[in-house]
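I've put the structures underneath this note.
One chain, chain A, links the two complexes that follow: it is found with chain B in the first and with chain C in the second.
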Partner chain A sequence: MAVNPALLLLTDSRLPAGGHAHSGGTEQAIATGTVHDLASLAAFLRGRLHTSGHVAAALAAAACALGEESSRTGACAQPWPEALGASRAEALGTSPTRSEALGALWILLDAEADARTASPAQRAASRTQGRLLLRVARRLWPSPTLDDLTAGPDLRCPGALDDLALAVPNPHHPIALGAAAHAAGASPEDAALAAAYHAITGPATAAVRLLGLDPVAVHGLLADLTPDLATTASDATPYSRPWAELPARSAPALDLLAERHAGAKVRLFVS
Partner chain B sequence: MTDTGSPETASDTSSDAQEGTWANTLAAVEQRAQTDIGRRAMRARAAVATSLAGGRTVISRLSSMPPLTLRQTGPQTVYLVSTAAGPLGGDRLDLDLDIAPGTSLEVGSVAGTLVLPGSGESVMAISARVGAGAALRFAPQPTVLAAGCAHRLVVRLTLAAGARAFWREEIVFGRYGEAPGRCHARFDATYDGRPLLRQEYTVGGPAIDASPAVYGDARCIGTTLITPPPATPPVVTPSEAASEAVVAEGVAVLPLAGPGVLVSALATDAVALRRRLEWGEGIALGSLAGAARPT
Partner chain C sequence: MGANHDDHHHAPAHHGRALRLGVGGPVGSGKTALVAALCRTLGGSLRLGVVTNDIYTTEDADFLRRAGVLDQERILAVETGCCPHTAIRDDIAANLDAVETLEDRFGPLDLVIVESGGDNLTATFSRGLADRQIFVLDVSGGDKVPRKGGPGVTSADLLVINKIDLAPLVDADLDVMARDAAAVRGDRPVLFTSIRQDPSASAVAAWVSEQALSWPHEPVSAA
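Coming up: the complex of A and B.
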């Protein structure tokens, strides 16, 4: 399978979406001494990838798949009762339109991310990064249909990024990443890979800066993890609605580090 | 079991489709267990249900099946009494709790659960439904993962709007000086039909377990979900507003996005784990604010 070039843009640390300000717990792990050299950093990155990285990958894939689904469902004003399942459609009203149903689905997927992020500091960091990424992605990949004057008013529908921004202005980062990946033409598995990659590259770069490690040696750790990135992306992709079944792997040490960091007086990184 | 952590639970009872998924899950787990049976595996289902009679809680159903034996020790208290060793690999134990609206139930256990190896995976599945205005306190002794075990713990907690729950889980990685077997624990809690907390813990992969991002040098993990925090009104806030976490050595008190607080603790032994959890629970319940932090 050829790599989608948009995926390179989405995962590039030079994407101006504020990712460089976050260490994903690495700064605090270094402050408390649990990460202090290459070996402990390697273990940290591996654990991070297989827990919160895995969950982020699955959420991003689900968001990308929801974007795909939304672009197949036709006019915004059309009813789309089957989207939510009988009970939720009933709660919304007799027959939600496509826009209403999509809004409810983006809110629900975002709530699934919330339920998998027990730490308030991690939720805040994820939403900050999600909001920035959403803003950047909407400028990079604007919805074509909004400008398509040939389409009738019923057919002029917002794209997935606009749907998401309307329903959840500050979504969790993996949700924004998945929606952006779809807008850029990437697949759910691409989105999962981007999320898994994001889960370890930021922390690795932060460790180089904080510990003064050899940058090549640290990139060697990332290279060692590339097979795990591939399996994470493929393992995280087969989930569809209901999203209750999405992975929820917890990392209690990361939760503790995130809260400790949020309360720290001196810090270089936001998270 | 595999360590892919592929969750096989569905937790939103508001949808028939998801109920179907849950049933399929149980069937799949059962089928897998049956193929692995060498010795005769144990199948047991125990259940407790409450009802409201004259404004008071009555335990209207109490059914046991060895090794899952329940004893009523108070008007609204039951204890799990293990009447056989285990669970052993291949065993399948189900516990159903039904707390009717407006009633209260407290569930404890006399001793910890020692999960032992056997042929195949042992499964403990706990399903609890708590009605509006009802309260459930679930605080059994820890689950200890003996060497060589292969265990799956599946918890599904369904809270109606206005339900209160105190749900404590403790997992100990092996007996003293022992490397643990494998365990995959999945916990799903919904509140008023919306996801509240979903967590998975996988134990038994040394490279991941010892990661400073996951358990570090801890040998015990524990969580207590308390909902809603009595100190604050149960308001569902989709944002991170008004959520102050408290953190101390090896324990964090984490306000959730939905109406609830999770106390999450790590420790090198079960005594320290319980001390940390209880400290966090006290903070969460608002009764121990300002107390000395645990060491």
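Coming up: the complex of A and C.
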């Protein structure tokens, strides 16, 4: 299948969404000596991809799938009860409208991301990147139907990015990435691939800058990881609601690095 | 426009959004000193916010907070991940976010100043971030710098050449600097300052004030 061109834009480090200022724990791993050469960087990136990268990929795929579902269904003001589990629907009253139901679902999915992000510093970094990405994505792929009064009533609904922004103004990065991928016309598996790629490319670039490693050698590490990127993306797609089944691989070392970084007096990267 | 100045000073107009002013220039040229001076001089007449882009620490933000020239919460620091110029030109997301946070919390504001991390002569602000920009050089970098040009020197809305108190010590010829700057800048203004000797930076503050007061704004709704 041909690559979705929008995916290239979403994963490009030149996407102006603030990603360049985050090292994903690399700066602190270098400060503590854990990462100090090519081999230790290779281990760090592999570990990152298979833990937080794997989780981010699954969350991004779920967010993209929720975006797809929201685009398929119903007019804005119509009841949309079947989308919700019984207990959620009850909390919203007997027949929530489409926007109420979707708002609740975005909040729920974002909470799943929160539950899988133990470090408060990492939560903050993820939400900052999510907010900036959401803002950029809403300008790049504005909802086509929001202001289009010629559209039928079924189409006059906010797009997935608007639904998300209304419900969760500071979403976790993988959630924003998944919603953006949907808005750009990409599939959940594309979204997962973008999230997995994001999990290793920013950290790799940070190591080039901080350690002065040969940039081609570091790109060689990324090239070696491409088969793992593909399996991470395909493993990430089978999860549907209830999202409690989403993977929760943890990386305590990354949590500790994130916390340490937040308290560091001297640092170049936000995270 | 001059006649309106005083009125505005007493009752700053309600702008659609604040004027965003970028302050850039090489390391140590006096950007933070200038931002502090502008806050000191304009703080009484304009509603201000400041965003700093420190490279390693929150040194500049801390300096401004300590200087007491502005309410501490109105100063936000942005980290730029090794690339100060990226954060003001290619990927302005974090800076825009900080500017909008200030406007949300304290708005309406008249002026938000964004100080770039010290960088090289090619670093300029994106028009998506800054409506006006000042490029700050200092005489101790050598009187050849304006001649060398570069986008900061040639295209900034205002070029400030600071630390003229040091000119005799470093053998800098201010006339040469003025002539070379005029040659590459055409009509765009150049001001010579010593923030050490004039801590209010009065000439620069007057220019900034004029920019802020003539910034197009939405009419104040009838109230």
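By definition in this document, the second predicted complex is superposed on the first by the 267 of 271 C-alpha atoms of A that agree within 3 Å, B and C clash if a C-alpha of one lies under 4 Å from a C-alpha of the other, contacts with A are read in each partner's own complex, and residues count from 1 in each chain.
Keep in mind that, in the parts below, a contact is a pair of C-beta atoms (placed from the backbone, for glycine too) under 8 Å apart; a residue touches a chain by one contact, two chains touch by 3 or more.
Keep in mind it's a predicted model, so treat the numbers as computed, not measured.
When the shared chain is aligned, chain B comes close enough to touch A:242, but chain C does not. When the shared chain is aligned, no partner comes close enough to touch A:163: not chain B, not chain C.
Once the two complexes are overlaid on the shared chain, A:206 sits against chain C while remaining clear of chain B.
Looking at the shared chain after the overlay, A:268 reaches chain C, while chain B stays out of its contact range.
Looking at the shared chain after the overlay, A:100 reaches neither chain B nor chain C. In the superposition on chain A, A:190 makes contact with neither chain B nor chain C. Residue by residue along chain A, chain B and chain C are tallied for touches, and B comes out ahead.
By the document's definition of touching, of the two partners only chain B reaches A:25; chain C does not. Applying the stated contact rule after C-alpha superposition, one finds that A:135 touches chain C and leaves chain B untouched.
By the document's definition of touching, of the two partners only chain B reaches A:120; chain C does not. Of the residues of chain A, not a single one touches chain B in one of the two structures and chain C in the other. Residue ranges of chain A in contact with chain B, taken from their complex: 25, 29, 34-35, 40, 43-48, 50-52, 54, 85-88, 107, 110-112, 114-121, 123-124, 127, 168, 170, 235, 242, 244-257, 259-260, 262-263.
Only residues 14-23, 128, 131-132, 135-136, 206, 209-210, 265-270 of chain A touch chain C when the two sit together in their complex. Residue ranges on chain B touching chain A, taken from their complex, read 4-12, 14-18, 21, 186, 188-189, 193-202, 207-208, 210-216, 218, 221, 223, 238-240, 243-247, 250-252, 254-258, 262, 264-266. On the side of chain C, the complex with chain A involves touching residues 55-57, 78-83, 86-87, 90-94, 96-97.
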